[in-house]
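These are the structures in question, set out in turn.
Okay, so chain A shows up in both of these, paired with chain B first and chain C after.
Let's turn to the complex of A and B:
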């Protein structure tokens, strides 16, 4: 995919601010930057660029490029914990997991507060399938560094992968305390609550997402983005509460279910239909077919 | 376009007003009457300058939190880069050279 220099630089800046993991595109954009000798144009950002490129190169399967970037970085920042963490990632990709674990353990013995090394250690443990030790280490990490949202999210993901949805919901509640204005995490909590059979809580969270993401200015809003997903959630939760009323009274979190469930469900269906109309082709057919289920 | 024109005209008028004030006051000083009032052209230049700057202002940007969240995706928010797994099949599958 041909890319010229300004669009490559623009993409790299966009990925950096949005924390996107688009390794193939970052790798190609990096190739364009090198081909045009445009390192000077990045100015102070060029070390960040090297770090991003190193990670993207490992993801794409080119550890040679990673070594090259690491050489530049370690020449500029000797003894930096970030660079050591990158070297650890390279070891993970090129050598066996035990070598990487020993490396991280050595880093942690030297400096027990090395956050990056601890995170990588937990990641390796998870990849090896040692989920009990991963959960244990991650719980210790999250208790030590409470404000690290990423850790709580990873813990929730770890629990959800083992179908322990109530524990996942508890981790997500910490996330909600730490980042209360983020609708994405509320959506994740809503879907986890729904899977954990706490349907009134799920319905409440879905409605919170809609409240957070809806622009109050337009009179007839057509939902877009995650609002559509939240409306699907409202429809599902309201349908389930109508079908099984015992779920409404047995909520583990003692959440009351709303009164006008049928009206809420009708509203959700209207919203989904509106969103489906504005979509094209297959998506519109799929949403209308699902509504008729 | 008209904003830029107004702004240019206002700047030129301001320079002219400054110069003419200086000339006028030094003329009065030479005549021994160091009184003087501000010429009206500088006031006109100020008004024109304000108008031009307002018209030339760039489009307003969104500042609400909700509008910022609309630009994000679930994959970005859930990336968890500190814990990401970098050992993929890409090493084994080999890399197809990107075109150009």
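Let's turn to the complex of A and C:
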């Protein structure tokens, strides 16, 4: 895609501020900058530009560009943990994972509290499939840096991938304590609870998401986005509880089963239908078909 | 009249001026160059011994403008410049913050962890069973001392409060603090000495507010005039005014967080010398144990949002 210099610079600034990972666009914008020899125009931002370009080049498959950027960066900032982390990422892309792991271990031996190197080490371990070591390292990390929400989320994901849903729920409870206003995390907790067969808990979490995401009007028009997903969850959970009442009394977390299940189910169906009507074509068909299942 | 005034005020400065000769700023010279307004008001009641207003608000002394040019402004200018210099010296002297081990980081953040948990307890996003398990685990860990950076205390060994002299990390913190103190204090001493030496023996300014006689000894040091209004003060008190007042100016020039805030330092220094700096050698053992009570209290307050959420949602949509 042809791009002129001002729009390239504008895009790069936008990606920088929003921290987006649009690697191909960044790479092309970077190429434009180099072609027009416009490094000076970035001013003080040029180091961040190098960093973003290095990461984008790794994603796109051009480690040579990454090396070039790294040369500039390490000339300017010798012994910087950020630059060392980038070098580690380059090693992960070009050489075997063991080499990268050894490199990160060396960094961590020199400075045990190097957050970036620790995180990379955990992600390499996960990629290699060594989930026990990954879980162990990540638990230690989350224990040390308690307020890092991403760490707890990743831990929950790791547990869920190994079907250890109770541990995943426990990690998610830490997430919820740290970020109680984020409905996406509550939704994740709801879906994990449902998979773990703790249906009353799941239903209550779904209802919490709905409470959080829809705005004050009582005759709400159509729900949108994450709320639709939550209504689907309410419908599923309520249907399950109606079909198997014993689930309601056997919740592993001792959660009471909600009352007025039939009313909840009816409300959910109405909401899903409303959302389906506002959608186009195939989506509308699919939602009404699902409701009739 | 002129002679009388001269006589009364020159008694104090005769010593200095006499010794050093002309050209020193030690004289109060009442000048007649600019046809000054009469030294006394026309009110009869205020006629008194040359130059002192008895209870009237008309200024009774007319000061040489050279005093303003050569004393007032230089003192202020010197203090501003020294303040800026101090700020940069402190910035240069600061060593980079030392790295902490993982255990030390964990110890520091243990309190934060419990605070975060307690903050959410009354409108908690998690059901009671989850909250209780987190809270109990934390409580047990605090009791056992797992979060302390040197590990839980061994059996039979009474945990000693951290001694700043033996803990090298705390020692560094204290040294840094003391260095900053020295950098602050030394210029202050020098400037005070300079003012006392050069600018003694005359009044510099008139304070816009009245003061009691008790202040006379402090603010009019070196001027033995028992009857002069306390509002006329010497240059040393101008120094003190500047000392406390220039902080605002430093904040503007040096931009926010600056190290030249002398008054703050002065107030903080008695405490800073006595107790350890920045909570580093804080006795985490005791703190964490105290935190357990708070945790228990918060556990009692726990209320889950999801407890009666079905009725709330149904009511919101008018189905109930």
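As a convention for this text, the second predicted complex is superposed on the first by the 246 of 293 C-alpha atoms of A that agree within 3 Å, B and C clash if a C-alpha of one lies under 4 Å from a C-alpha of the other, contacts with A are read in each partner's own complex, and residues count from 1 in each chain.
In this section, contacts are C-beta pairs under 8 Å (C-beta built on N, C-alpha and C of every residue); 3 or more make two chains touch, one makes a residue touch a chain.
Bear in mind the structure is a predicted one, so any value in this text is a computation, not a measurement.
Engineer: Judging by the criteria at the top, classify the pair chain B and chain C on chain A as clash or fit.
Structural biologist: The answer is fit.
Engineer: In the overlaid three-chain picture, which partner chain does A:113 touch, first (chain B) or second (chain C), both, or neither?
Structural biologist: In the superposition, A:113 touches chain C alone.
Engineer: Figure out whether A:205 sits in contact with chain B (first) or chain C (second), or with both, or with neither.
Structural biologist: After superposing on A, A:205 lies in contact with chain C but is clear of chain B.
Engineer: Quick check for you: in the superposed arrangement, does A:253 touch first (chain B), second (chain C), both or neither?
Structural biologist: Only chain C is touched by A:253; chain B is not.
Engineer: By the touch definition at the top of the document, which applies to A:177: first (chain B), second (chain C), both, or neither?
Structural biologist: second
Engineer: Of the partners chain B and chain C, which touch A:91 in the superposed model: first, second, both, neither?
Structural biologist: A:91: touches no partner chain.
Engineer: Between chain B (first) and chain C (second), which, if any, makes contact with A:265: first, second, both or neither?
Structural biologist: In the superposition, A:265 touches no partner, neither chain B nor chain C.
Engineer: Return first, second, both or neither, reflecting whether A:146 touches chain B, chain C, both chains, or no partner chain.
Structural biologist: second
Engineer: Please give the nearest C-alpha separation between chain B and chain C in the three-chain superposition, to the whole Å.
Structural biologist: 17
Engineer: Overlap the chain B and chain C contact sets on chain A and report the shared residues.
Structural biologist: none
Engineer: Quick one: which bits of chain A touch chain B in the complex? Just the residue numbers, please.
Structural biologist: Contacts found on chain A: 1-2, 18-21, 27-28, 31, 55, 58-63, 89, 92-93, 115-116, 119-120, 122-123, 126-127, 150-151, 153-154, 157, 181-185, 187-188, 212-215, 224-226.
Engineer: For a test of understanding, state which residues of chain A touch chain C in their complex under the given definition.
Structural biologist: 111-113, 140, 143-147, 169-170, 173-174, 176-178, 180, 186, 201, 203-205, 207-208, 210-211, 218-220, 253-256, 258-260, 263-264, 266-267
Engineer: Within their complex, state which residues of chain B touch chain A.
Structural biologist: Residue positions touching the partner: 64-67, 69-72, 74-88, 90-95, 98-100.
Engineer: Tell me, which parts of chain C touch chain A in their complex?
Structural biologist: The contact residues of chain C facing chain A are 99-102, 105-106, 109, 112-113, 116-117, 120, 123-131, 133-134, 305-307, 309-314, 316-320.
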